[in-house]
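Here subunit A shows up in two complexes: once beside subunit B, once beside subunit C.
Moving on to the complex of A and B:
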């Protein structure tokens, strides 16, 4: 609720703060004396050639921009992993929005000192200062009041952003016309990246990699169980500050690529996507960095092929595309792998039901004798249909699949004959079912007349170890041999009467 | 951050000066006792959670900490570990403040206190118990891994060492936490409901481990819920309901009278409050 209000407030301030010509100014590149070349290369004759030129990094500027966004993506994906696991995603958002007043104040300060206010390191320094100040405000509000984290962050985010927008509109009223370039920090402007920026980006990337490698163990513990870390004497707050500082550094350099509104997506999306691929933290961080840099690279290429599309948004959308793919097809937690596992289990259960029904039919019709695999009796489908709620079609489908797995000797529309392997599996399925039934009767006080259903839900997932345990627990009732099928604790129905 | 808001040691010791008249209010900090707590009061937002807790736990015993919900059991453990600010009183671990005796204290938090979806294997989690021995920046080495495997083995989890922790059952997760505490190689263990919501087999194996720890002269302070098993498991118990109702050897302390005082206390206050509200309305 608070966040919704805060967002609305911020949105209102954004609209109010924008001058009528805001949109046009956004398109205008930041004038840069040492950046005379155009990005994307304007004179590319055809689409194919332009693509070729961009992909092969022929143009110096293209090379610079693509390298910068890829590095930025790697750093964001890496640090974003820890931010995500620390459950501080919103903190990253607060930080990025809180950079805006810093940028504006740094500009005003530099203009007041007599410069033109366009010194990038000065602007980024200001951005980092207010960004961290925003985070500190969240911590202070949380400490002094009983407000929850999300409320504190919502308040700080909107207030700092609002302040930034107000400062921005003041700057636009100043005589220095070039002030409009500041707005590129809102949505990012990769085209304005120059060699000096590239160096800063590379340094920050290296710093974040070094930080994550050296503090891997510490950050892992902090993210998993901060209370336990504190009892071991680790300075939890210091570690948090180091982590936030790295986040701030990455965010501030990310401002140039995707802008302060979207940088949070660049931090969180690749890391969240990586989580679908692995259960290992190191691998997750590496994959996150990879997805981040791929998004930076592909997004920049796409946006330079279609120069009307803003690069920052395209980069974020590319990352979102990777997220979607990961969510659907990630082998560790993806949606499809879960569906596949579910279907596999369902099939296994259906197969075991079929085999057990066949085995029980044999038991009944062998008049108390233990069924033998060599019997080769034809089991009529009619009686199987009555044993379970199968339709003739679903039964046929299962028969086909069982036949394909060599569990049936033969089958037709009237009956089936188990193969030797099928018979052994049928005996095992029946044994598991009976063991579980006996266990439930003895230990869970379930009536023999009701136990069939309850056993049904669990028997399919009994492993060998658990089955052995069950046999050990029930020595009095049956011969302790693992392969012996115990008798049914309840009368079996003759379905063919 | 919390530390900034805490009183310094000198001012915390001061209240004792006014308490000279009370018997036992001036206890010696016996260096032999694994954990001695003196007049401890903890408050959250000016609302006291535990009042004047005064205890000395004997060495090499399984000590049960028992009381109704909201009695301050977890808070007492956290106060001993300096995880929550203390309003007054002090805690001594083997005669010293906890911050100087960390390596002697192991901690098993409630299972629900962490997110088990975290990308880590059982081995990774157990190894965390040995991080403080590795020190800053050093990655988990072979020795730490081998020790973790041993701890896993003692809890029958070796087969699950490389499973992601989210795939463990509740009882296995609880045992993973115990294995992590074993890795700490401490002398005093504080455990927050290690037997809550585990199946019977896990409970048996955990209790077996606790008895084995006791034989090796370890002291365990265990928050426990199930009154039926108290006499079975513990040598010593503390009945807590904001104040210590009774503490001592189980057979002396675990009486109907004491239990009524522990568990009935809240009820009595509630009904008294309800009466007061009613009277005010009339």
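Moving on to the complex of A and C:
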């Protein structure tokens, strides 16, 4: 995996650097550098041509920007997965807001040292320092006062941000430097990314991805069972700090693309979307990274195709669109798949209710004899209707569905006849019900007169293995064969009297 | 010390800041108590598209449509957060993050698209322009009196009065549903309705404060005074009063600092709203350290006292020989 990443990085650098006139374009003034919100590469002659130019990464600038945002998206989506599972999503928000004073302080520091103050590495270092300080403050407030997580995060987020605004207003009044570059951290400004910035971005993102890959096992432990990890002797606090540092690293890099207000979306939206697709952590992280880089790429392309589309906002909306799609149609936890499963289960339960009611009717009317499949007796619907709270219509619907599944020989508005398969299934459903009843009477000390309803909720999910287990636990059933239907432990009600 | 250069504008700024901080602090108490502080983050960001759409549709900054838009956006956020939390089975914090960023991004996009037609600056969204609100004055005739006051001040006073009315009328319900929602439900109050009402008022307050302090510093105004007061007292009434006093103090001294600081330090100007948030943070820090019962130092002391080897009552511990085993 590490090698793959290294190859990808090399490829990225190659693509970024292979511009025939790269050096010349580096010197060229950046398009619209005074407008933080827009990123059209140039006035495009035609829409189709512009689209082609962007998709083929012909323009050197476009190539840099798209590569940067995709890389950031991948790193954020990956590490955001851990943040999400650790239920620390809003901590990312606090962290990103707390970077503002750091950016300003780093700028002032660099200006004081005589630099130009806009060195990206320096700004990012300052940003991560105060960002981490903000996270630490949240933990300290939570630990030492009676305030809870939410208040601690709200306080740190807003106060650090307020401090940042104060520093920003001071910088704006400084005679020697213009703060125009700093403002871009608020809403992001991908268009201003130059090759040197790209190198920083690529290094940080790839380092965090590699860090995640190496610490995969440890982070997994931290996310799912922190206490167990601590008892096993893992340095939980150290790992926590390392994880937060990685989060801080990708956050401050992500600031470039979407700005410090919206970078939290870059962190959690792809990860939350990925959660709907799989139950496996590795797959989830990979899908999160994929969705993140796709949003970064698509968002940048869209914002460069149309005028007046700020790249940061478009990236966030793209990620939100992916989240919506995933939430609705994700195959592992999506809303529709869960709805379908729920309906299937409901249908199965209704079918088993119908079959058991029919079987019990046969039992009662065979006067103590075990019913046989060959009996072929017609079961009157009237007595079935009394067995459960069925309406005539819902019963008819059940009958039609059962008939379609070949469980009924025939049915009409007065009665039904079970088919051979239907009889077998009915016997099995009744057996599961009775076994569970016996188990509850024996092991949970529930009165036989009350056991029917309790068993009713569980019998439908008893599989083959669980049934065997049940039989083993019931000494009275040891001698009988597995398929034999035990007698009811409580008197059955005759519904046709 | 050099003399203070105080103008009428400064008085208006302080008045606006104080009213804004008090309106926010009042409603923020209940957010802190209900452990929903981050909901203020969500709502204050999420009202942006509501505002933007209202601006685009009405092409004015009329107060009533602005509030309607904000309230709708606030309710939509609350409902959406609950839905995704419930039906999508996503953790609450993550849902809040996703919803507010989506709304905020949509709002930004709308503002950019509308361009010059919208009198909303994306930068103003982030830190407000309390200094400029004093310039935008309107006339208000109350019976025989003619008042000329900044628009923001009037809007914020309206929000403050609304919040005061809400808290006064629903005090009992708010208290019960904040401390024990189950009990509130069994007693026949609808805790859910209180929740929505509170969220609507947070949205209204956030919109009113929007111009003055922007969408992020409003969180400081909402949460920090309430959280500070929470460390000072165990009584709800006292907490509300204390939080409003703290809010007013931070707002007033925040502006004072912006007037005074440029004279002491070689700086030109300081953002008033940022200074207010910073001072609120300082007040919180001092309170958290020195609060009489719940402060860090006081807690540390009680903890030490309670340890058996520091206690004078060492021998009266249940494990000594004087204890009889009956």
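Annotations for the structure displayed:
As a working rule, the second predicted complex is superposed on the first by the 383 of 497 C-alpha atoms of A that agree within 3 Å, B and C clash if a C-alpha of one lies under 4 Å from a C-alpha of the other, contacts with A are read in each partner's own complex, and residues count from 1 in each chain.
The criterion applied here is as follows: a contact is a pair of C-beta atoms (placed from the backbone, for glycine too) under 8 Å apart; a residue touches a chain by one contact, two chains touch by 3 or more.
Fair warning: this is a prediction, and the values are worked out from it, not measured in the lab.
In the superposition on chain A, contact of A:275 is made with both subunit B and subunit C. Of the two partner chains placed by superposition, A:194 touches none, neither subunit B nor subunit C. In the superposition on chain A, the chain among subunit B and subunit C reaching more residues of subunit A is C. Within the superposed three-chain model, A:265 lies in touch with subunit C and out of touch with subunit B [touch as defined at top].
Within the superposed three-chain model, A:242 lies out of touch with both subunit B and subunit C [touch as defined at top]. Within the superposed three-chain model, A:421 lies out of touch with both subunit B and subunit C [touch as defined at top]. Of the two partner chains placed around the shared chain by superposition, neither subunit B nor subunit C is touched by A:337.
Once chain A of one complex is fitted onto chain A of the other, the partner contacts of A:146 extend to both subunit B and subunit C.
With both structures placed on the common chain, the touch criterion links A:207 to neither subunit B nor subunit C. In the superposition on chain A, A:125 makes contact with neither subunit B nor subunit C. Overlap of the subunit B and subunit C interfaces on subunit A comprises residues 87, 146, 275. Of all the residues in subunit A, the ones that touch subunit C in their complex are 37-38, 84, 87-90, 92-93, 97, 141, 144-151, 153-155, 157-166, 168-170, 172-174, 183, 186-187, 261-262, 264-265, 267-269, 272, 275-276, 308-310, 312-314, 316-317, 320, 323, 327, 333, 335.
Against subunit B, the residues of subunit A that register as touching in their complex are 85, 87, 139, 143, 146, 214-218, 220-221, 223-225, 227-228, 230-234, 237, 275, 278-281, 284. Residues 32, 35-38, 40-41, 45, 84, 87-91, 93-98, 101-102, 104-106, 108-109, 112-113, 115, 122-123, 126-127, 216-217, 219-220, 222-224, 226-227, 230-231, 267-271, 273-278, 280-281, 284, 288, 294-296, 299 of subunit C are the ones touching subunit A in the complex. By the touch rule above, subunit B contacts subunit A in their complex via residues 1, 45, 81, 83, 99, 102, 105, 107, 109, 113-115, 118-121, 124-125, 128, 131-132, 134, 136-140, 164, 166, 180, 184.
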